[in-house]
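Look for chain A in each of the two complexes below; its partner is chain B in the first and chain C in the second.
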Partner chain A sequence: MTRRKRDNRTAFFFILPWLIGFICFTCFPVGFMVRTSLTNRKLNGLSKFVGLANYRNMLKSSTFLNSLKVTIMFTIIMVIVTTIWAIIMALLLNRKQRLNGIFQFCYFLPSVIPSVALAYAFRTIFGKDAGLLNGLLGFFRGAPVSINWLYDKHTVYLVVFFITLFTYNTGQMMLIFRSGLSDVPAELYEASDLDGATNTQKFFSITLPMISPLVLFNAVNGCISALNGSFALLYPLTGESGDPNGKTQVLSLLIYKEAFSNMKVGYACALSVALFILAALFGIAIFAISKKTVYYEN
Partner chain B sequence: MGIKSRKRSEEIVLYIIKVIVAVIMFTPIVWIVTGGFKTLTEFTTSGSIIPEKATLENFRYIFVNSDIWKYLRNTFILMFGTTLGTLVSSSLVAYPLARMEFRGKNLVFGIIIATMMIPNIALIIPQYIMFGKIGWLDSLLPMIVPAWFAYPYNTFLFRQFFRTIPRELDEAAIIDGCSRPQLFFKVLVPLTKPIYATIAVLSCVFWWNELTQPVFYINSDRWRTMTIALMTSYMYTGGNTFVINWASIMAAATLMIIPPMILYFCGSKYLVGGIKTTGLK
Partner chain C sequence: MKKRMLAILLSCAMVASLPISAAAVSADDAADEVTITTWNEVNPDDSLNMYKQAEAATGVKVNVTVIPETDYSSKLNQMVATQDSSADIMIVWENDIRNFAEVGGIDALDDYMTDSTIDTSDFIDAVAVLADGLGGTYGLPWCAATEVLYYNKDLFDAAGIEYPTNDWAYEDFKAAAEKLTADGVYGCALPNLQTWWAGIGGAGDQIYDPESGELVIGDGAVSFITDCKDMVDKGIMPEPSSDTTDLFAAGKAAMAWQGSWMIGTYGDTLGFGWDIASLPTNKVKYNTLHTGFYTLNANSKNKEAAWKVIEYLMSEEGQTINSKSSGNPSALKTIAAEGAWKVESAADIISNWDAMTDSLEAGIFGYTCLPSGVTGDAVSKFNSALLGECTPEEAVEQASQYAAETIGY
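And then the complex of A and B:
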């Protein structure tokens, strides 16, 4: 046997675990999902072929359309907000000052604690009667404040996007930006100092272009984790119906509700197909945008 | 104002901003920990962050009134089962991708990158039905078993790291009569311990915190993990199902923060290093 052939065979055995996993836990579920989405399968397993009825119902359902809108909005705004916040924290930490280690600890620690603990902390911090925020506002105003931050349709997004600043993804992005910032050559800043550039000018014409590949990487990652992680954050925060009034009901919450509370597994599979397609579209969109804007150093 | 004093005031402003951001980021953690020491009455009537009269009652309550040891045991089984599995399988798969030439290599790598983009949650319902058919629901198996078949993301990390080790090493070992498996276990693994430690830390943090999959797959008390216990077991005070027992939830949440915090202190090198590797393509 030639070495090349032997290598092919050895490589195959090394790859085998992935191949089995890919077939059993990715390919098969995808096929099964599409097939089940064409049935009216219930949670107890009874099912009958119904053709495209689930998809027709889905497109007619105002709950689904609302959820689709919420998911797209949530994903886009969360990626933007958390990326900006991560850049701000990375810039702050990039300036060497005393106690930087402690600052990094404080900035990063919230991202490694369980999202359910975080959700409960914020449910009470933004609580109506004994919440920390209302308490603080009351203290400054001199009169009690009782805003129900999470159940008021005007404030709920404000609160939810604020909370996304504390998720794992934000901490991860911050660390990636930090390593990126320390790789920006100092000569570029020195040269611009001689030209009398302001800090803002330096940021937009040196720092941002230099870290743009990382911004792209983080945006891709951020999209996946917004689609994926929103369940673990919003389920303990606003419940499966996405209170108030479906305002925070992202697709993953709707899938859970349809499958387990309404026991319509076939319909939940149709929703999963929609989520799958949405994730693919986000991926394509980001790469299309990045082709125009990202600067790669050769 | 001279340049020097302008620089100095700039430094001070920056420092103040740093402190404010630190306070914002750390507030929820302080709120959780102090909340665990408040009485329920105080928690539900006052918005102050420092407990008036610290009590250990909540901690006693969760140890006496719930099977917390069982939930902890389940979480540890889940954490170690998945982490061990992903370390073994992902590194094996990453090896030929990083250091061998074989037919279909680009195709395999392409598929791995593409599957990294699929959100898990989109496939969880078909997987739920599938695991139901083979009788794995309400156990930790639907989470532990897939971990033994190489997660794309970890495979990608291993591959990136394996590529940094010079390939001449392999050539030399092969000339000495070393087989590929021997090469992997005796040469490469000992050389790449940091990436194993990194992925172990990241995986432990992930599974300690994981809520989504246990919520879907586990419905009885038997295999309940800490994250689900936090959502269900401490939710209500005994007898009264309308009062949420926030103080106990905060006490349990305090206990849940400790392991990730320890991992940060002991493994921050790996935690930070691993996350940075992901950014470097």
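And then the complex of A and C:
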């Protein structure tokens, strides 16, 4: 056996644990999900092949169509909001100043709190009659304030997107941007100083192009996180029906509701396939946009 | 060579760990030991802990698995689907018992009951109706909880209004709620997930059709939602919100429609005088009964021991302890008549205990027989109508449409 073959075999054995995990815990569930989506399987195990009936029913359901609209809107805005916020935080932390480590710790701390606990805490803050924020606003106004933050269609998105700024995903983005910023060559800034560039010009002409691969990476990650991770944030905040009136019912909430409250596992699997396709489409769209906008040095 | 050996060992260890962990999970239960699933925390007082008392009476060790209420039904469904044998007795909800019987997840109890002292003819009528069409007795009701009107006597006294009675009309309720509304105090709390259905049923809708298993709402629902919206607009009821405060317990709502199980929770802890009455009668006298059924897991390895425990829990002693602990009456009429459900902590507070028996007689199994996703979605729509996001008619239409998509799947 040649050395090359021996090395290949060794490498294969090293990736084998991952490969077993991938087959058992990724490929098999995905295959099972697709197969189950073609049945009317209930949570109690009853199952019959129904072909594409679940998909036909899904496309006719106003609940699904509303959920799809909410999911797309929620994902796009969440990616934009969290990415911009993470860049701003990273830029602030990149400035040379005292106690930088403490600021970074403080900004990152809420990100390590589990999303569910974070959501419950914010639910208390944004309560109508007993909420901390309304209490505070009432104190400054000198009269009671009772804004129904989470049940008013005009304020619910504002609150939800504000809370996403404190999730783990945004904190992680901030750290990645921070490390990227420190790799931008200082000579570029020195040269631009000589040319008399303003801070805004430096940001858009040097900083942003240099960290654009990281923006792409974070946008893809943020997108997947918004599609899948939104459940942990929205379920405690607005419930499985996505109050008010389905305005926050993203697909992950609907999947949970159909599978575990209505026991319609087959239908929930069809919804999961739709979510899978949506995630793929978002990924393709981001990579398509990135071809024109991302700058690679080499 | 060492690297290759390490890689092989890692792979082998991973594969080997799967059957080892599976074997650990499926360890055999002891012969005279059974496990029961429930959503209620066990009473810390041993004399009111029916499972401890069952152990003493039957000699069978009883392990209690408490599953949070929000996940209870789905966990049991998963256990039935996977033929799990970790629980011998499952307390099954109204909306699940038929499905579980149909897929063979639970055993018929008829053979066990031939030599039993449990008198099924003594069950309240609603239980007998619910069991119709199952082709046998698959479960025995652990209790029969009702819904009642809770009122703050101090606020009624201050407003100079007479206390509610069990024959109060719905119009009496609305008029009193309006008079009781004051700065910082609502006349009545918003209906909750359970009592929305009592209001709709009282307004004349059937809610649950046992023949088709469908949600049946229409004019009654529109009428009750319209009334609630009117009360919300006038500040008599609070707006739906994310607040989780119990306004009645906080003294900020003069009345509340709630389940009878809240009697034990409130007890003597509220700091103001309170009492109960039957829910006010609109077009019909209506409240929803709530129960769970003791069932035998078809995959149990200890069925005889499990039956002994069920038999004790359904006995006069077991039912009496349950009533004293939970405040819920027994579904067996002769045992309920003895009044063990008059919980001690509220014995000196409540004077109108007749409200319980009156509600029990008027109660039927309604929305609890429907999937929780359907009823939860409907309540979300009703709340949206109160917020002006849609009209009552649209809310009812959307809820009915979603129910039609879901039920009969």
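To be clear about the criterion, the second predicted complex is superposed on the first by the 297 of 298 C-alpha atoms of A that agree within 3 Å, B and C clash if a C-alpha of one lies under 4 Å from a C-alpha of the other, contacts with A are read in each partner's own complex, and residues count from 1 in each chain.
Please note the rule applied: a residue touches a chain if its C-beta (ideal position, glycine included) is under 8 Å from a C-beta of that chain, and two chains touch if they have at least 3 such contacts.
In this text, all values refer to a predicted model and were calculated from it rather than measured experimentally.
Of the two partner chains, chain B is the only one that A:P110 touches; chain C does not reach it. Taking chain B and chain C in turn and counting the residues of chain A each one touches, the greater count comes from B. When the shared chain is aligned, chain B and chain C each come close enough to touch A:T10.
Legend: residue contacts after superposition of the two complexes on their common chain; A:I77 is shown touching neither chain B nor chain C.
In the superposed model, A:L227 makes contact with chain B only, not with chain C. By the document's definition of touching, both partners, chain B and chain C, reach A:I20.
Contacts of A:I206 after superposition on the shared chain: neither chain B nor chain C is touched. Judged by the touch definition given at the top, the superposed model places A:N44 against chain C, while chain B stays out of reach.
By the touch criterion stated above, A:G131 is placed in contact with chain B and with chain C alike.
Comparing the two complexes, residues 10, 14, 17, 20-21, 45, 127, 129-131, 259 of chain A contact chain B in one case and chain C in the other.
Taken together, the chain B residues at the contact with chain A in this complex read 11, 14-15, 17-18, 21-22, 25-29, 31-32, 35, 43-49, 89, 92-93, 95-97, 100-103, 105, 108, 111-112, 115-130, 132, 146, 148-150, 152, 155, 180-181, 184, 205, 208-212, 215-216, 226-227, 230-231, 246, 249-250, 253, 256-257, 260-261, 263-264, 271-272, 275-276, 278-281. Contacts from chain A toward chain C in the complex involve residues 6, 9-10, 13-14, 16-17, 20-21, 40, 42-46, 57, 61-63, 123, 126-131, 148-153, 237-246, 257-264, 267.
For chain A in complex with chain B, the touching residues are 4, 7-8, 10-12, 14-15, 17-18, 20-22, 24-26, 28-30, 32-33, 36, 41, 45, 88-89, 92-93, 95, 97, 102-103, 105-110, 112-118, 120-122, 124-125, 127, 129-136, 138, 165-166, 168, 172, 175-176, 178-180, 213-214, 217-218, 220-221, 224, 227-228, 231-232, 235-236, 252, 255-256, 259, 265, 268-269, 272, 275-276, 279-280, 283.
Taken together, the chain C residues at the contact with chain A in this complex read 3-4, 7-8, 10-11, 14-15, 71, 73-74, 77-78, 80-82, 96, 99-100, 102-103, 105, 238-245, 371-374, 376-377, 380-381, 383-384, 387, 389-390, 398, 401-402, 405-406, 409.
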